[in-house]
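Below: the structure, in structure tokens.
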Amino acid sequence: MTDATTESTVLRADGRTPGQLRPISITRGWSTQAEGSALIEFGNTRVLCTASFTAGVPRWLKGEGSGWVTAEYAMLPRATNTRSDRESVKGKIGGRTHEISRLIGRSLRSIIDTKALGENTIVLDCDVLQADGGTRTAAITGAYVALAEAVRWAREQKLIKPNARVLRDTVAAVSVGIIDGVPMLDLPYVEDVRAETDMNVVVTGSGKFVEVQGTAEGAPFDRDELDRLLDLALAGTVELSRIQRETLGEAA
Amino acid sequence: MTDATTESTVLRADGRTPGQLRPISITRGWSTQAEGSALIEFGNTRVLCTASFTAGVPRWLKGEGSGWVTAEYAMLPRATNTRSDRESVKGKIGGRTHEISRLIGRSLRSIIDTKALGENTIVLDCDVLQADGGTRTAAITGAYVALAEAVRWAREQKLIKPNARVLRDTVAAVSVGIIDGVPMLDLPYVEDVRAETDMNVVVTGSGKFVEVQGTAEGAPFDRDELDRLLDLALAGTVELSRIQRETLGEAA
Amino acid sequence: MTDATTESTVLRADGRTPGQLRPISITRGWSTQAEGSALIEFGNTRVLCTASFTAGVPRWLKGEGSGWVTAEYAMLPRATNTRSDRESVKGKIGGRTHEISRLIGRSLRSIIDTKALGENTIVLDCDVLQADGGTRTAAITGAYVALAEAVRWAREQKLIKPNARVLRDTVAAVSVGIIDGVPMLDLPYVEDVRAETDMNVVVTGSGKFVEVQGTAEGAPFDRDELDRLLDLALAGTVELSRIQRETLGEAA
Amino acid sequence: MTDATTESTVLRADGRTPGQLRPISITRGWSTQAEGSALIEFGNTRVLCTASFTAGVPRWLKGEGSGWVTAEYAMLPRATNTRSDRESVKGKIGGRTHEISRLIGRSLRSIIDTKALGENTIVLDCDVLQADGGTRTAAITGAYVALAEAVRWAREQKLIKPNARVLRDTVAAVSVGIIDGVPMLDLPYVEDVRAETDMNVVVTGSGKFVEVQGTAEGAPFDRDELDRLLDLALAGTVELSRIQRETLGEAA
Amino acid sequence: MTDATTESTVLRADGRTPGQLRPISITRGWSTQAEGSALIEFGNTRVLCTASFTAGVPRWLKGEGSGWVTAEYAMLPRATNTRSDRESVKGKIGGRTHEISRLIGRSLRSIIDTKALGENTIVLDCDVLQADGGTRTAAITGAYVALAEAVRWAREQKLIKPNARVLRDTVAAVSVGIIDGVPMLDLPYVEDVRAETDMNVVVTGSGKFVEVQGTAEGAPFDRDELDRLLDLALAGTVELSRIQRETLGEAA
Amino acid sequence: MTDATTESTVLRADGRTPGQLRPISITRGWSTQAEGSALIEFGNTRVLCTASFTAGVPRWLKGEGSGWVTAEYAMLPRATNTRSDRESVKGKIGGRTHEISRLIGRSLRSIIDTKALGENTIVLDCDVLQADGGTRTAAITGAYVALAEAVRWAREQKLIKPNARVLRDTVAAVSVGIIDGVPMLDLPYVEDVRAETDMNVVVTGSGKFVEVQGTAEGAPFDRDELDRLLDLALAGTVELSRIQRETLGEAA
């Protein structure tokens, strides 16, 4: 593998260095209907995240004094370069959609104190309006902002206790991958399809792992490659956490 | 028609006169993936329309020398004030979605010369990102812009003949309704739920009807009321046609 | 367009004048199982309409003191000239079926006083046994008779109050269309496929509009054509209302 | 068990003796759209059977020189005393419907010479318009008449060879059951629900068994009871075969 | 009946005489999770039967003081010689699966005293791990053993009364068929596909019929053939009942 | 890593040390129908893996000269401690099933040379007969054995070239998790539900990673914990690879 010096000089198709994020933009409150919302952009990837807050929990949780947070991910049919059939028209949800919805849900639940939330439900909808790689990591990162907004709204509406610390931490996610032997951060579609190894990493604001999902798309990877991918991902999520806090008007 | 002076003094919740449209905005090319796209806003109603152009037609049309234009309409789960379940999760498409998809498809086909299109298919996807009444009429009006873009793109790509007149006319749509006895144009949600009669009218740029769909939500309506609603709708679509042409950079 | 004199002399394939209905037959009580039923025939179109009366309302209406009326429309697979696959076998209901079911439900609800009905539900099933154009308008016209029967039955069973005026009016429907420039009433299949404009009109016994659904199948239509179609439809529904009352043994 | 003399004097609710069929009526050609059709009535049970003849066979049979015969059975939602949900609305076909469709298909195929039919397909649709017990046996008996009509039609259209003996025999079916220890023929609904044992028997015109489906609803049954039920069923199908031939205008 | 000596000299592909069962093996308690279970083998046919006992009954049975027994049958995709698609992937259950599930349920219910069971539910799952003909009859025979185990378990857990006689009898099933004119017992796949007539017979330990399902796959069959098949089936189920009792450690 | 001595003295409920696998058993050729099969047991977890080899590839791969390997995972309804509804009955596949099927498919594809396989398809079915934690890792480990058998069979049948090296490596998988702060290998159900972090690791015979899927079920985990889990998993898969080779009769 190339040494670190070399790596920082490898120029990617969009001019970034291997360890650099794409331009990140988060528009808080893009939707006026939802209790919380954010339009998040990782380069050309554009995901609308809404958080719907409702009193009450699913039947199986009633009377436990705990809240519930869940997520649904979907793509518009023409978010991608060629049109896909709608899952509603096909009458069933594909495996990929299921998998990502579950990942987003687990990621957000990892930083929620469901006791502090009380018997309330928050549903996070992440709809990909335009896809250019990294939609699931953008979705998690944007969903956190929508979630934080909804919690703030609920506190103002006195639907949760004024001093309840519902959010124990922040959470953000980024993709990393190895391309031609070089570990790279935040892959757009053209890089994603070429990556030998592809990893999505979900990290809290305090730098701990929530999810590590690494897949050898081409050749299996060794321990050293894994370590270098984790280094990149940790650095990337530090930056994303900072942008999240800024968007929410919180001091670093 | 009742005295125009009287009507024009009735103030609506948003300050409009009965015959006034909400602020209309059309952002052409909002999506970079589709051959044609438009983000259209009728007040707070916001619909993303994309046009996907592909060579070839469905099997049952092959060899006829004609193209095919179809449409699909959907709403994001939190486009509305309370969250709805996704149709993909429910595993089936609701009657309302079906009905509107078919309406949009028919409306656009009415101004397409399918022979001039050649054996090509254009799919119009209209996804409601935010809903505040009039989503189907905004969808038709926006879909026309996306369609015109896709036709222009196909001509540039030489996928259709340079002089083929694929679009025979423009098409736009608006809702009208009677509230407390007063016919009004372009109803937002708060007016829509109170309307005794609700009508969606699809009109070509040359002022002819493509669809007239009037429904008595409360009391049945008489011929005179029907006539006054049609007058309002015709006036509204003249204005929408003008905005469409402007957006497309066409001379009036 | 031809003048009125000419029109009345245009002979249609089945020998009718442009403003003439096909032979209409309504057999009340065709089914011995339902609380109300009617087998209605518009020429060769044959629809079995049943009204099922049950105490109680859907959950979301409970405690409101109002009743509920809804409708389902379907076609037998070989009602038409070539066999269609069953929607139960395909596992989903098509857009056309959805659309017509909704239209029938709205039409019947428009003349029902749901408060007078009390917390009871009436489901109207309209199954097309043989199709030759105008199945939705025959269904609405026949469903009214089945509904009236079911209301009469419920009154006899003392399930609704003796003096409750559940039916505020009668309702009937007819199709009209423009063929070779001539507006015509009650189109059979051979005319329907040739019509430039096709309109379904639902009218109360007192002559007010419940639904006006006009569609340009070929060329868009102008205001004058629309007016002449409405004239024909109003005349046709006057005749249908008379037959409904006769069938129900009511004085005109 | 009672002796035979006693049995013939047991009067059933509708006045029949144990070995007597309900009034049987078959209206040939009830539908003008299908190649063959019959409306069959076993007392109040009323089934519309249509036979749809199309050239060609399913892909897996192509090139074998054989035809294909299949059947679909369904019930209108209000065929029964209380309304059932439509299978198209539920999005799936129930086990009972599947089972009966398969039974009808096998029964008709048993008397068809598929080689003589050539590469053609006949679909039999049996839709129960009104149900009062014995719907599957009425469906088989009526479907035979519709099938024979369709074969006759195909011969006239020269779609099958003039001398091809497509139908090797006729086929009819009847239900039998034991009620209070007495074997009875052709059970209406009120008897069917009380039967300890219920059997459906499909028999050819030449008196051979195609299907014997006996079920102990209450107590298991012994060999002697089985024999007496088979005797009744054979006698009943002789009568049904005679009516079929008469309906088709064939000499006995 | 033909001469028994002759029949017993016909050698089948696996060396059996016409009236001989395949090697039968029942492994009680194969699953450690279920309240009752049995892995049953009829030659190469291998079915895992589990009985799940739960307190309570479906809503429509509540308060009646009766229990509920139902069954579900399924095949692993590669139980057969060529792989079949999973019904879960296809999104619907096939007619054959429905039919067999219903047959197993009825068979087991025929020997259950649901009053003695009390308001408890037993679900029998019969999953075919390997298929070589006779899977439904093996499933019924194995399901009885799993059921008896679950009843025993429930008695030990004091979930049913100590002296309640829940099982009124035992039940077993076997297939019979006519091949080249010779009636044969317990058909493996190679014989099943060649059989002119195929019959599944469900019989109680006391020798009474629960189900008789005979189907003419090729030529219709006469009364004499039917009788000989029933003789064979009765003899076969006597042997299966003996093995069931032995497996359960019961005295004959 | 923490002191090995300390860890090895922590006794688990089943008496194992933290780094010890449960008893592993692989029965090759358990199914006689499939081209390759293995019944694999990780303690009480029992998965039947079959490999179905068919000539040809899906349409989208035709003419590429490459083969296709895919997998489907499912659980019998009573594999678990309480019965789950069948996915075939629910009419859709759950997210968890989808996710695991995809994981198994990717894992096996990682060690297949699809060019060497030629235009052939291998489908791996992994059906959980009994579940006690680690079903997905047992499925991957067993599926490899079934796959190797099917490849051997295909070579014998001369369906692939004699010297084609279809399998580039072996592959096995194991779960690891942190319980009360102690990293542990191969978690049964009772440990799995208590784990703060749960990780599934797929490793080739040559010790490289194919998949690393770590999830914080409770508290997020740090880099050190991640490292210790990876150590355990690598050690566990070395042992599993050895058992696979032994089962297949290959020299280490």
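Order of writing sets the chain letters: A, B, C, D, E and F. Residues in each chain are counted from 1.
Convention: contacts are C-beta pairs under 8 Å (C-beta built on N, C-alpha and C of every residue); 3 or more make two chains touch, one makes a residue touch a chain.
Everything numeric here is computed off the predicted structure, so don't read it as measured data.
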{"item": "Shared chain contacts [subunit C and subunit F, defined touch]", "value": "none"}
{"item": "Neighbouring chains common to subunit A and subunit F, by label", "value": "none"}
{"item": "Interface composition of copies subunit D and subunit E: same or different, split at half", "value": "same"}
{"item": "Turning angle required so that subunit B lies on subunit C, C-alpha fit (0 to 180°, nearest 5)", "value": "180"}
{"item": "Averaged-CA centre spacing for the pair subunit D and subunit A, given as whole angstrom", "value": "60"}
{"item": "Centroid spacing, where centroids are CA-atom means, of subunit B and subunit F in whole angstrom", "value": "52"}
{"item": "Averaged-CA centre spacing for the pair subunit D and subunit C, given as whole angstrom", "value": "34"}
{"item": "Contacts with 2+ other chains: residues of subunit D", "value": "91-93"}
{"item": "Circular arrangement of chains, read from subunit E onward through subunit F", "value": "E, F, A, B, C, D"}
{"item": "Of subunit B, residues touching subunit C in the complex", "value": "92-96, 98-99, 101-102, 106, 110, 169, 199, 204, 206-216, 219-223, 226, 230"}
{"item": "Sites on subunit D touched by subunit C in the complex", "value": "31-34, 37, 44, 48, 50, 52, 54, 72, 74, 76-83, 86-93, 97, 123, 125, 127, 129-131"}
